[in-house]
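You will see subunit A twice below: alongside subunit B first, and alongside subunit C after that.
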Partner chain A sequence: MIFLKKLRLSTKETITGLIFISPWLIGFLTFTVYPLIQSLWFSFNNVRPTAEGLMITFVGFDNYKNLFLGDVTFSDILINYSLQIIVYVPVIIVFSLFVALLLNQKIKGQSFFRTVFFLPVIITSGAIMKSLLEQGATTFEGLTKIASNPILRENLPPVLFSLLEFLLNSFIMILWFSGVQILIFLAGLQKLDKSMYEAARIDGASNWQLLWKLTLPILAPLITVNIIYTVVTVSTYSINPVIDKIQTDMYRPELGLGYAAAESWIYFGVIVLIIMVMLLLNIKRKSRAY
Partner chain B sequence: MNKIKRIIQTFSIYFILILISFVFLYPIFYMISYSFMGESDLVNPLVKWIPRNPTIGNYLEAIKVLDYSKSLWVSFLTSLLPSALQVITASVVGYGFSRFKFYGKNFLFALMLLSFIVPPQVTMIPQFLMYRNLGLLGTIYSYIIPAMFSQGIRNAIFILIFYQFFNMFPKSIEEAAKIDGARAGTIFFKIAVPSAFPAYLISFLFSIVWYWNETSLASLYLGNELKPLTLRLLGFADTFRRLYPFNPNSPTGKNLNEAIIMAGTLLTILPLILIYFIAQRWFVESIDRVGITGE
Partner chain C sequence: MAFQGTKIDPKKFHKSQLKFYFFLVPFALFMILPIIFIFSNAFKPANEFFAFPPRIFVVRPTLDNFKRLFTAFSESNIPATRYLFNSIIVALITVLATIFISSMAGYALSKKQFKLKKIIFEINTLALMFVPIAVSIPRYVIIAKLGLIDTFAINILPLIAMPVGLFLIKQFIDQIPDSLIEAAKIDGANDWYIYLKIILPMIKPAIATVAILSFQAAWNNADITYINSEYLKTFSAFMTTLTSSTSPVVGMGMSAAATLIMFIPNLVIFILMQSKVMNTMAYSGIK
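Coming up: the complex of A and B.
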C-alpha cells in the first residue's frame, strides 16, 4: 500500500479503475474475444471433434460457399429472418411510441396500463412463444383470414405479401416485444421541457407539428436505443429459426463445427448490417425533420 | 364546445388503451381458459371462453409431463445463482467505469456496449468446447462462471444501469471520505453499495427473468440433468408421447390436446407472474429509477 502512495495520483486512479473493471475485462477477453477469434478461424476450417481432440483442416471459403450454394435452407431461413426484422422493427417502434404518447396524456390508471404492457417482457420466452404460436393464440381469427385472402395473395408482390403475412400471423407477438420500448419512450417523454411546448404553442404550432418538429427530434436518441434493443431481442430469441439451424448443424458430424461457425458469422454480419441500415434511416429521417 | 372536444379526446384515449390492453392480454386469457377445458369442451363449438365442465386434470397431467417439482427447482437454481453473481459484478464494473478516469476507458466502455449486439451463437461453439474441456458441461458452473466475469445474459445492460446510476449519484460524500483517507474499496462497499439498492433490485429482477426464459444456451450447456421448466416445455409433446404411448385399442390411452399444453405453459410462467405481481412497481418504474435514458 505504501508504494501506491508514492505513485502519481493519476497512475493510482488508473490502477484502481482497472481493478474495478477487471472482472469484465478478464471475462470479455476469455468468453467473448477469444471465442470470437476462434469461431472466425473455425469458419475457414473443417473442424471435427474426435476422441483425440479437434481435427482441424484449412478449407478457405468452402464453408461459406457450401452454405450459399449447397444448402438451400440456410439462405431461405436468413431471408425470412431479415424480412421478419424489417416488419418487426418499424411496427414495434411506431407502436411503442404511439402507446407512450397516449400514456403520457393526463389519464387515470396509467400504472395499470403500464403493468399490462410490460407483462409480456416478463413471461415471454422462446418456449412460451412456440407453444402459443402452435395454438394460434398469437393472433385473432379475423386477422389470419385477411392473410389467407386469395385476392391479396395474387395481386400483391410476393415480398410485400410475405411481409403482410408476418404482420398478421403474429400480430400479438409483435406487440409483445414492445414492453421495454414503451417504457423507454415514456421515460423520455416525461423529461421533456414543458416550457418549450408552451412557447411553440403560443407561436401557433399545431399538435401534429409539435410531434414532428419537437418531440420526435428530441426522442431520436431513444429511437436509436430502441432500434438496437429490438433487433437484438428478436435476433437472440431462442425459437428464431436461424439460431435453431445453427444449433442443429453443430451436432451434424458430417458438416463439422466449422460449418456452424460460418453460419453464425454470417448471421452476426446480417444483424450488424440490419442495425446499421435502420440507424442510417433513422438519422436521415431526423435530419429531414430539422 | 371545447369541453365536449376534450371529453371525446379523453374517451378515445381510454378506448384505444383498453383495446390494446385486451390485445396484450388475449394470449393469457386464452391460456387460462383452455387450461381448464376437458376434452368435451374442446370439441364443443359452443364453448368459446368459459369451460362448461372445468377440470384441473390438465394441470395434473402437465405437472407429470414437466416433472414439475424437479424442473421448478432447476429453474430457480439456474436463474437465481447466475443473476446474483452477474449483478454483483456488474455493480463493481459499472462503478469502475463511472468513478475512475484512466487511459482507454472510453474505448473499453464502447467495446463493452458493442458486445451487446454480438449474438451468443457466434461465441457458442468455442465456449462449448472450452466448457467441455474443463468438464463444466451439464453443470451449473457453465452458467455461473461467465456470469461471474460479466459475460452473462445481456450483461452490457446491467453494467450500463449501474454506470448511469452511479453517474447520477452525487460524488460529494465519496470525495469527503476520500479526503479522510478511505480507500476506494471501502468507499465502494460502505457508501456506493448501500446507496445503489434500487439499481441492485431492478437488475436482479431482470436478470432472473432473462435467465429463467433462456432456452438455447440452457439446452447447450446444461445438458439433460439440469433441465429448466422452459426446456421441458419445449419438449412437452415428446415427453407426453413417451409417457403415454399411443394405443388406439386402449380406452385409457390419453391424447395430447391443447388444454394440457396450455396448462403446462401456464405452469411454466406461473413463478414469473408471481414475481411480477410482487415486484411489479420495480419492473415498471425501472427505466425511470436508474436513469437509463440519460439525464
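Coming up: the complex of A and C.
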C-alpha cells in the first residue's frame, strides 16, 4: 500500500513536471535540437543548395579530413580564438567578482553604480557591438600606450608581455562582458547569512580570511554558473573570427554547407572541452577551500 | 535582516567609503563609454567619422544623419510606421512568452523530481554553446516543412525557447530553499499556485534580466531569411536594408543614426527593468 502510494506520488510529480516544461520543450526541440541534429548529419555529407532544394551526398569524414589537412586558416583561427577565450574567462570572472564585492559594500550611490555596471548587457549583443568595434571604441588610448611601453617590452618575458598587451588592449571588452556575471554574483552575495559573518568576526577572522574561507566557498556554485555563462557569451557572440569564418564558408559554393557544419561541430567540441576543463579546475579549488 | 536589500543606499557619505570609489568610478566610466559613443556618433558630420585617431565625442554636432535617414524613410513604398508596429508586436509577444515559458520550465527543472530533467537541462546547456548561425539553414528547412515561411508568427516562434533564458532562470530558482516550497505544499498550495505566488515573485531579478535579453533579441533581430513579404518585416530588418543599400560614406552616418534609434528602446526597457533587477534580490525569507 505504501509502495503504491509512493509510486503514484512520483508519477504525479513526473506528470506535473512534464506539463510545466512542455511548452518550452516543444519550441526547443523544433527550433534548436532538431536543427542541431540535422547540422550534425550535414557535417558528414556534401550539401549543396540547388534550384530543386538541397543536394545531399554522403561523404563520411571527408569534411573533417579536409578541414584539418586542406584548410590552413581554420585550425589557426580556432587555436588563436580558443586561447583568447581561455584568457578572457578567468579575467572576467575575477573582475566581476571583484566588482560585485565592491558593489555589496555600504557606499553612497550604490544603486547608481549597480545600474551602470549592468548597463553593458544592452550593448554586447550583436549590432551595436559591431559598430563600436568597427569605429575603434573598444580600445582606450591610455591603456594601449602602456602596452607599447618599451621598458615593459624589454624587461618582461615575452609570454608575459604578450599576455599583458592582450589584456590591456581588450580591457574594455572584458568590462563589457561582465554585466550579467556581476548581477549573478551580487544576487549570491545578498543571500549570504549575516550571522555567520558576525560569528566568524567574533572568533577573530580578518576580512581577508572571511573572503577566502566564507564568501568564496559559498559562491562556488555561482562561479560555475558564471564560467558557463562567460564561455557561452564570449564564444557565440556574433563578431568573433571563428564564427566569421564559418559564415563565409557556408556560402562558398565549392565547399558547401557540410563543410561549414563540420567546422561548427569542431568549434563546439573545443568549447565544451574548455568549459569542462575550467569546471574541473573550479571543483578542485572548491574542495581545497573547505 | 531580510529586507535590507530594499534600502541599499546608506544615507551618509563617509570617508571610509573613499577607497571603494577609487575603484568604482573609473570602471563605471568605461561602462558608460559605449552609450556616450552611440549618442555622439549619431550627430557626427561625415568628416569626423574618418578622423584619425577616432574620437569619442562629437566636435560639431549636426542633424544631417537623421535628415538623410528620414528622407530614405519617406522614399520607401511602405510607411516606416508599419515596420515599427510589427516590431513592437513581435517584441511584446516574444518577451511575455519567453518569460512565461522559461520560468515554468525552470520551475519544473529545478524543483520537480523526474527522470528526464537532468538530461534536458544538460542538452540545453550544450545547445547554448553551439554556434547560432550554423543551425540557420537546418532551421530554415524545418520552418519550411512546417509551412511557416512568410507568416507573421515566424518572427516570434524561433526566439521564444531561448536557451539562455532557461539557463539563468533555473539557476535563480535553484537558490530558492526547498523548505519554502514544502511549507507551501503542507499548507495546501498546488503547483500552479506555488509557481505564481512563490516562484515568480522571488525570481523577479532573473525575470527582469531575461526580459531585457529577450527584448533585445526580438527588437534587434534583422533576420529576413524566413520572410519575403515587405509587410511582415520588422523595423530592424528595414533599417538594415536601408543603411546597407546606400553608399558606405553616406551610409556610415545614416547607420549611426539608425543605431541610435534602434538603441533607444533598449535603453528605455533597461531603465524600466533595472530597478527590479537590483532591488528585489534579498527576499529569501528563510534563514
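Simple rule for what comes next: the second predicted complex is superposed on the first by the 235 of 290 C-alpha atoms of A that agree within 3 Å, B and C clash if a C-alpha of one lies under 4 Å from a C-alpha of the other, contacts with A are read in each partner's own complex, and residues count from 1 in each chain.
Assume a residue touches a chain if its C-beta (ideal position, glycine included) is under 8 Å from a C-beta of that chain, and two chains touch if they have at least 3 such contacts.
Please read all numbers here as calculations on a predicted model, not as lab measurements.
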item: Superposed partners subunit B and subunit C on subunit A - clash or fit; value: clash
item: Which superposed partner A:194 touches (first subunit B, second subunit C, both, neither); value: second
item: Which of subunit B and subunit C A:260 touches, first, second, both or neither; value: both
item: Subunit B versus subunit C as contact partner of A:114, first or second or both or neither; value: both
item: Contacts of A:16 with subunit B and subunit C, given as first, second, both or neither; value: both
item: First, second, both or neither for A:277, with subunit B first and subunit C second; value: neither
item: Shared subunit A surface residues [contacts with subunit B and with subunit C]; value: 10, 13-14, 16-21, 23-28, 30-32, 34-36, 38-39, 42, 54, 99, 102-103, 105, 107, 111, 113-123, 125-128, 131-132, 135, 137, 140, 171-172, 175-176, 180, 183-184, 186-188, 190-191, 221-222, 225, 228, 231-232, 235-236, 238, 243, 246-247, 250, 257, 260-261, 264, 267-268, 271-272, 275
item: Touching residues (chain side subunit B, partner subunit A) in the complex; value: 10, 13-14, 16-17, 20-21, 23-28, 30-31, 34, 89, 92-93, 95-97, 99-103, 105, 108, 111-112, 115-130, 146, 148-151, 155, 159, 184, 188, 209, 212-216, 219-220, 230-231, 233-234, 236, 258, 261-262, 264-265, 268-269, 272-273, 275-276, 280, 283-284, 286-288, 292-295
item: Complex interface listing, subunit A residues touching subunit C; value: 10, 13-14, 16-21, 23-28, 30-36, 38-39, 42, 54, 98-99, 102-103, 105-111, 113-123, 125-128, 131-132, 135-137, 140-141, 171-172, 175-176, 180, 183-184, 186-188, 190-191, 193-195, 221-222, 225, 228-229, 231-232, 235-236, 238, 242-243, 246-247, 250, 257, 260-261, 263-264, 267-268, 271-272, 275
item: Subunit B-touching residues of subunit A, taken from the complex the two chains share; value: 10, 13-14, 16-21, 23-28, 30-32, 34-36, 38-39, 42, 49, 54, 99, 102-103, 105, 107, 111, 113-128, 130-132, 134-135, 137-138, 140, 171-172, 175-176, 180, 183-184, 186-188, 190-191, 221-222, 225, 228, 231-232, 235-236, 238-239, 243, 246-247, 250, 257, 260-261, 264-265, 267-268, 271-272, 275
item: Complex contacts: residues of subunit C adjacent to subunit A; value: 1, 5, 8-10, 12-13, 17, 20-21, 23-24, 27-28, 30-35, 37-38, 41, 49, 53-54, 56, 100-102, 104-105, 107-109, 112-117, 120, 123-135, 137-139, 141-142, 146, 157-158, 160-161, 163-164, 166-168, 171-172, 174-175, 191, 195, 205, 209, 212-213, 216-217, 220, 222, 236, 255-256, 259, 262-263, 266-267, 270, 274-275, 277-279, 281-282, 284, 287
